[in-house]
Amino acid sequence: MFKRLVQCIAVVALALGSAAAQADKLADILAKGVVRIIVFTDVPPFSSTNVNRELEGFDVDLAKMVAAALGVKLELVSATAANRIPYLLTDKADMNVAAMSVTAERAKQVMYSAPYADTSLAVYGPKSISVKSGADLGKRKVAVAKGTTEDIVLTSLNTGADIMRMEDNATSVQAYLSGQSQFLAANSVVVVELAKKNPTKEFDFKFALRRAPAHITVKLGEHNLLRWLDTFIFQATLTGDLDKLHVKWLGGPMTAPLPPL
Amino acid sequence: MIRELSGTDVLYLVMAMRWTVFLTLLALGGGSVVGLVIAACGASKNPALRYLARGYVGFVQGIPLLVWLFIFYFGLSILGYSLPPWIAAALGFSVYAGAFLGEIWRGALISIPRTQWEAGTAIGLTYLEQLRHVIIPQAVRVAIPPTVGFTVQLIKNTSLAAVIGFVELTREGQLTTAATFQPFAVYLIVAALYFCMCYPLTRYSRALERTRRVAR
Amino acid sequence: MAYTFQFRDVFAQRDAIVDGLVLTLELSAGVIALGFAIGVMVAAVLVYGKPWARRIAAGYVEVIRNTPLLVQLFLIFFGLPSLGLKLDVITASVLALTINLGAYTAEIVRAGFESIPKSQIEAGISLGLTGPQVFRHVVLLPALRNVYPSLTSQFVLMMLATSVVSQISAAELFHAGSIIQSRTFRDFEVYTVIAVLYLGLSLLLRMGFSVCYRLFFRR
Amino acid sequence: MIKKWIQSVAVVLLSVGLFGPALADRFEEIIAKGVVRIGVPLDVPPFGSQNVNREAEGFDVEMAGMVAKALGVKLELTQITGANRLPFLLTDKVDIIISVMGLTPERAKQIMFTAPYANTSLAVYGPKNLNVKSPADLGNYKVAAAKGTTQELALSAANPKANIMRTEDDATAAAAYLSGQAQIFATNSIVAIDLAKKNPNKEFDLKFNIRRSPAHMGVKMGEHTLVRWLDSFIFFNTMNTELDRLHIKWLGRPMEPMPAL
């Protein structure tokens, strides 16, 4: 009798459990009490390891806020730019807080939340050269990491400038620091960090290529979770918590209200 | 936006009393049915039935009335049975009033001396017949004053039906308060109206009790 | 329709619930003790007092029993300050609940007193007992025994009724529940937890009272 | 053998019964039935209250009428309270709640919020001689606030040590302040202005603003078509200045731009 009762309960629990797991990611997270969030390990100031090999940065703080607001435990999953989407799609994580900006291409695979961090892509150079738009660049050299959004936007401007398409961010920065190029096209956040480390070099803002806000992403079809994240970001914007993260990690408050998604 | 408390408000408060009365009647009707069963079980010779009645009373009285209304209106909805508010209220109040009435009436039944039962048995009546012809007529006299007393409490407790959408006297008072921001004045009026409903009943129960005592 | 119960958010705030539970217990204990004392005194006045005292006592009982507890609470909390007497939340709560319970208790105990035949009292006096002795042994204890079930029912009801003081922000069990409810929107979970706790409290109280019964009335 | 068979039947029945084919989409259901059931408060002026003839009126009530009209269906208003609005929504007794709900990520785990439709701001009031300029200055002063409201939540979060008197509703909080049971009163700015007019001998000095507190509609978790429609409805009515008209009519001032959800 007792055994049968236990069996029955087990059956019900199983039915409930499995159904909940299939039903919906948000319900699933709440039921398990753990949220698994993808962050970078090598993109300061968004997420990188400190001297004690602990992850820290804007995204890490935000991930903590997400877990706290959900009332569940946080499990950070570190990933690279290349595998952050596959991790999400194969259910190795529930969401991606890895400074991802919107492209129509990526939006075919993942869903974007409202933007949470305000960064922009811009062209920087020495103070002495007056440049206010792409046309002012003339035939000067601009270093850029190839295939990035900076590269795509700068190329599409068709300025006639000499675009030095370097292998990655680090080499394009090196090209600018060594004087091989007069200008550098990069993310504003990266430039803030660079300026701190290289006080002798001038990083004067010339003109903006475009704003590139960062978004949280979830698997296609997880509407409940996405709506929750939008709500969370709305609230964090309103209470000023997001602004605090901007000041702490990006060196200044949010410039303007982020555009809605 | 905040308006003054006016005579019309008082009029509407008076009119809200009809819901209070309706809900009270609903509770008394349903509660009597449940209460009779509980009282009969509680006064029976079968110990299992007695325990059942006692368990029911302890369980029901231990849970706030608000929760009972919640269970019948929202709880059943979760299970897929959606009831109209007044049926949910009728069920919730019946369960609740049944426990109290059952307890009161059980007390009245067992206050009838054993010898009366034995006399019934002696002339060959069954348990139900004994109840009907011998015990209940006597017990009713004992039971009426506390029953009326409980009705007075019930009248005030119907205010909890606001949680499932009824606008009876207390809720009407709350709504008026919200629009006028004068809780003090509004609740004094509400108190006076409750007093008008309850006091005559209390007087009546007093009178009944006196005649009973005289009769004894 | 299916609803998935999620108790995590509710249990995350168990400290508030425990604090509320403790306050409900304290309030109930204090109010039952005080209300009982007042009730016995008023009942004595009702049955054995002088006519004018009887009338005052009857007036008190009628007014309290025929008006809602919430209104009595509001009068004490919001009304008295205009007369210059400002009571804090807990004092006002205890006062309102005590006055309320006193009236109900008086009514019940009065019935008990009246169930004691005059002849018994006369017998007590003729045995040479003093007035207080007669009151205690011949009137009070037997009277209480007669009305014990309704008396304890009333006390349990009072425990449940303490929830009304949440209206003026006393942080008892129901208040804790509704705060959590308004934060998490987990209404069903909160109400379930609160209902179970109240049920537990009332069962405990009933057990306590039946132990008391054995202690006092079955020597 | 039979036992096992019964078990599997039970499992199937359970999973079908509890998590069977998803219920029809609520939005389509509303259109098909020709009725939308909306829960509004009647105890929160100026959003919802009864006028002297017991007709429902207020910002939320008018909003509900606009929603029904835009959907082209009949409106069925249900009066709800803070204590029962969620059960009404979760047990399908109403389709939408329009009841000056403030959004929090915690609440968003249970229902979905639309874009904001009304802009209110919450503030703290007191007598002139009290020197209070921020939540930190509250010290031991007793602050009356209706429990579960955004002002109460925000104050509790800003200063967990504040001596907050959590009353049943706004009217009770006002009574506490007027009777002197509380020294400070946290409420909606509109309510405070009205109260100050009615009680000229009591001081309602603005101490500090707590925060903006937009109001959102709520729908059941998973009703994405409905929430998207409501978002579009709100966007549309922002653009054609209908929302602005409602703000002026009920809140006495035009709408300020609101953050997007």
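Chains here go by letter, A, B, C and D, matching the order in which they are written, and residues are numbered from 1 within each.
In this text, a contact is a pair of C-beta atoms (placed from the backbone, for glycine too) under 8 Å apart; a residue touches a chain by one contact, two chains touch by 3 or more.
Remember, it's a predicted structure, so these values are computed and weren't measured experimentally.
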Both-way neighbours, i.e. chains that touch chain D and touch chain A
C
Chain closest to the assembly centre - both centres taken as Cα means
D
Counting C-beta pairs in contact for A-C and for C-D, the higher total belongs to C-D
Centre-to-centre on C-alpha atoms, which chain is most distant from chain B?
A
Distance-wise, how many Å sit between the C-alpha centres of chain A and chain C, to the nearest whole number?
60
With centres defined as the mean C-alpha position, give me the chain C-chain D separation in Å.
36
Where the CA atoms of chain B average out and where those of chain C average out, how many Å apart are those spots?
19
Chain A to chain B, mean C-alpha position gap in Å, rounds to 62
Going through chain B residue by residue, note those that touch at least 2 other chains and give them in order.
70, 74, 77-78, 183-184
What are the residue numbers in chain D that touch two or more other chains?
18-19, 83-84, 87, 90-92, 104, 106, 109, 172, 175, 179
Chain A, residues touching no fewer than two other chains
16, 30, 71
All pairs of touching chains, please: list them by chain label.
A-C, A-D, B-C, B-D, C-D
Chain C - residues contacting chain A, complex
4, 6, 8-9, 12
Residue set of chain A touching chain C in the complex reads 16, 20, 27, 30-31, 33, 71-72
Write out the stretch or stretches of chain A touching chain D in their complex.
7-8, 11-12, 14-16, 18-19, 23-24, 26, 30, 69-71, 114, 223-224, 227-228, 230-232, 234-235, 237-239, 257, 260-261
Chain C to chain B touching residues, read off their complex
1-3, 62-63, 65-71, 74-75, 78-79, 107, 114, 149-150, 153, 156-157, 160, 163, 174, 188, 191, 194-195, 198-199, 201-203, 206
Touching residues of chain D toward chain B in the complex: what are they?
42-46, 49-54, 78-81, 83-84, 87, 90-93, 169-172, 174-175, 179, 190-191, 194-195, 198, 250
